[in-house]
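Order of writing sets the labels: A, B and C. Residues in every chain begin at 1.
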Amino acid sequence: MRKRLWLCIGMLGLSLGLLSGCTGNNHRITVVGSTALQLLADQAGNNYRLAHPGVSIVVQGGGSGTGLSQVQAGAVQIGTSDIFAENQAGINAKKLIDHQVAVVGIVPIVNKDAKVKNLSTRQLRAIFTGKLTNWKQVGGANEPITIVNRSKGSGTRATFEATILAGQAAAKAQEQDSNGAVKKIVSSTPGTISYLSFPYASDPNIQKLAVDHVQPTDQNVSTNKWRLWSYEHMYTKGRTTKEVRAFIRYMLSAKVQKQLVPKLGYISVKTMQVVKDSQNRVQRIKVR
Amino acid sequence: MTEHQKDRFATGVIYFLVGIVVILLAGILGNILINGLPHLSWHFLTSESSDFQAGGGVRDQLFNSVYLLVLTTIISLPIALGAAIYLSEYARDNWITHLIRSTIEILSSLPSIVVGLFGYLLFVVQFGFGFSILSGALALTFFNLPILTSNIEESLKGVSATQREAGLALGLSNWKTIRGIVVPAALPGIITGVVLSGGRIFGEAATLIYTAGQSGSLVDYHNWNPLSPTSFLNVMRPAETLAVHIWKVNTEGIISDATAVSAATGALLVLVVIIFNLSARYFGNKLYQKLTAAK
Amino acid sequence: MSKKDTENLKDVVNQAIDSQQVVHVKLKDIGQKDVDIDKLTRPSKETHQEYWGRGLSYLAIGLIILLVGSIIGFVGIHGLATFFRDHVNLWQFLSSTDWDPTSGPNHVGALVMIVTSFLVTLLSALVATPFAVAVALFMTEYASKKAASFLQSIIELLVGIPSVVYGFLGLTLVVPVIRAIFGGTGFGILAGMLVLFVMVLPTITSLTVDALNAVPKHFRQASAALGATHWQTIARVVLKVATPRILTAVIFGMARAFGEALAVQMVIGNAVLMPYNLVTPSSTLTSQLTTQIGNTVMGTLANNALWSLALLLLVMSLFFNILVRMIGKKGAK
């Protein structure tokens, strides 16, 4: 019995050796990083593969930090990130090339019990720095405020803090690292407040907030009236192969930007009337 | 309290605790199955998953889960068996053996994400296997070996010394005694070990996210050539398993029927584990009967 | 056997044949050439098999040591870099509650996570062990074989449920109940403990069943023959004999609880705050590790600090391991 087992292992090892030798004739593009961008890249990758059978595109999550460090190390061809490489510690942004492939809006959400539909930027800041502790203080129900933050270093949190907190430190609070968990917690726990990116916020069990009476719509994002938004980046390093370049071109093509991007709840970079840099400075695009 | 009263009291306590556990288990399994089974359909089992539209299935994830389990068991069972035989039969009772045993035990408390990242850096990046079933199976072997080895070692130790002595008295070599008497006698325990670790493999997500990946590739079930990149047997393709699918749908999924898909996948996973456990026990018993002439 | 020994043996046999001292052998029929000393003294097929078998098992253990060594070395190198390369004070790491490694080496304090991990693991194992032992006793000493194997397969089933599912069950069932009873948000050590209780129960139970089954039947028969009640037999014979292995089962249960991440992370609240009671949000080693590691870059302080948490986890479970072993040795005496 055992002999046969060992034989099997030997055979397996042999076939594996053969296999690893054979994978070279197929162009493999590995995209690793931001979980937020994963859906879009995955779907675009699948469509692209159907049209280009010789190229296989492998899309994986792992977090923005992983994406950036792996593309910097040259382990993957494309690293995806929610934040600018300049803002990630340990990354030399000068060596990477930034491709902004989509824009994503971020919206504060509360549990419906709080009975609040709009907050000013100042109120939001006071809540997340721990100065306001009851919904009564902002015109809601008499209910203590529970903050559910995103985990430190996540792109969504970085954008939120840069726009809302204006340099103040956030109060120590619960942290969750995924949109799904945040949504579940906010919808089930009275008095909670958090924030989500637009594609995840379409749940009827949670209350989206307007900020300074501006509604969180794609239209308002494209004019920067809604200030909570960030880019989804695809980073490449140095000279890339023509397959990688072709795929990134495809990501920016009308087919992806006009159909897939809005379908998944993202906002096309082509519709943006403003640009943002890594210092969070916003500029209008000059109309040609 | 007389001894008989004590006996009755203790029996009562045991039945009470067992009752609580049974209610708890039934509640959990019932919850998963009741929520999930209504969404389980033939269509769900045989169609591809969808990232953003409702109505996706789990065909590839189901196959990947089983395939990964088989590969991991093929790799890890012989190693665990050999190591367990060493620890229980050959190793001297000294501090080195204790050290080895303790190290194996503490390794099983490493969070699976650490094993995942280790596997990522070693297999995916260093060895260049990429996100693939192979990387996943190797990482799962790391994750699986400690508990499997200790389980098998325990069941080998459970075989009474008289059986070994009988073998040696017949003039068999130590190794033949182990192979012909001890291992077959310990088979039920070994099967339990395999079933338990198989369950853990089915349910494991964090390790696989970084090694086998969390998105599939196009798979062709008519392509039996394991060297072809689209073949379902190819071990170099990335693969998402059922558990990873549940994780992904729950944490980052935007499909409108996420709750249903996750519930149905959960129920499916329970069913698959049931089938796996039953068949492992069935074949284990068959083998046990054949090897030991026990009925 | 050396060549000299073989020669000696040959001489002895030849002498015996010459002097006809071996009475049972009809020496007339055998000449000196019929005794093939070389063949008799060569290692037999059995011996070869023994070498092979032993070799295979040595190979396997060697492989495991290599695997274990490499992963511990890997965690060790990254984990120790926090102290040697980034010059974080070890004492501060162990005693400070200020955890914010992105802000610099003065904010790397893991006390909150250490305390919470310790509490959650210990409490869940403490609660789960009586239940697990009771179920195991029921299966081995009370129930019929059919009922026992049915219960066993259900328990083994629970191992296969992914931790994410447990996490969401905890989030939707346990947390609201705790909130309703104790107030607050419901997130915290208590919720984590309850979820872990269910998760470690199968591990401890099935290993305990193995332990009890390994107690020889004649022990029980001897005890019963002495007139002991069922419970006396269980308490004074079966459990006593099985104690070391039951403790091993508990170690594995605790190890699983200690390393569990995804489920705990959803119900513990994940706030780096000292747990003043069981129902305030806190954070475990694994929950920090899991939520943060994807957002940090290899080689930075923030990343190394997380590996230090993993190293700490190993050291702490080593501590548990030694502790339980010592208890087991005392119990065995």
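Operating definition for what follows: a contact is a pair of C-beta atoms (placed from the backbone, for glycine too) under 8 Å apart; a residue touches a chain by one contact, two chains touch by 3 or more.
Predicted model, so just to flag it, every value in this text is computed and none were measured.
Compared on C-beta pairs in contact, B-C and A-B come out with B-C as the pair having more. Remark: the per-chain Cα centre closest to the mean position of all protein Cα atoms belongs to B. The distance from the centre of chain A to the centre of chain C, each centre being the mean of the chain's C-alpha atoms, comes to 38 Å.
Remark: chain B and chain C have CA centroids separated by 15 Å (rounded to whole angstrom).
Each chain gets one centre point, the mean of its Cα atoms, and the points for chain A and chain B are 33 Å apart. Residue positions of chain B with contacts to 2 or more other chains are 78, 81, 179, 250-251. Residue numbers of chain A whose C-beta contacts span two or more other chains: 2, 6, 35, 61-62, 73, 181, 184. Across the assembly, chain C contributes 56, 168, 290, 293 as residues in contact with two or more other chains. Of all the residues in chain A, the ones that touch chain B in their complex are 2, 5-6, 8-9, 12, 15-16, 18-20, 22-23, 26, 28, 30, 35-36, 38-39, 42-43, 46, 49-50, 56, 58-62, 70, 73, 75, 178-181, 184, 199-200, 202, 263-265.
Against chain C, in their complex, chain A makes its touches with residues 2, 6, 35, 61-66, 68-69, 72-73, 88-91, 146, 151-154, 172-177, 181, 184-185, 188-189, 192. Those residues of chain B that touch chain C in the complex are listed here as 3-4, 6-7, 10-11, 13-15, 17-18, 20-22, 24-25, 28-29, 31-32, 78-83, 85-87, 89-91, 100, 102-115, 117-118, 121-122, 142, 145-147, 149-151, 154-155, 157-158, 160, 172-176, 178-179, 189, 192, 195-196, 198-200, 202-206, 242-243, 246-247, 250-251, 262, 266, 269-270, 272-274, 276-278, 281. On the chain B side of its complex with chain A, the touching residues are 51-52, 74-75, 77-78, 81, 120, 124-125, 128-131, 134, 179, 209-210, 213-215, 217-218, 226-227, 229, 234-236, 238, 248-254, 258. Listing the residues of chain C that touch chain A in their complex gives 56, 100, 102, 168, 171-172, 175-176, 179, 185-187, 265-266, 269-273, 281, 283, 290-303.
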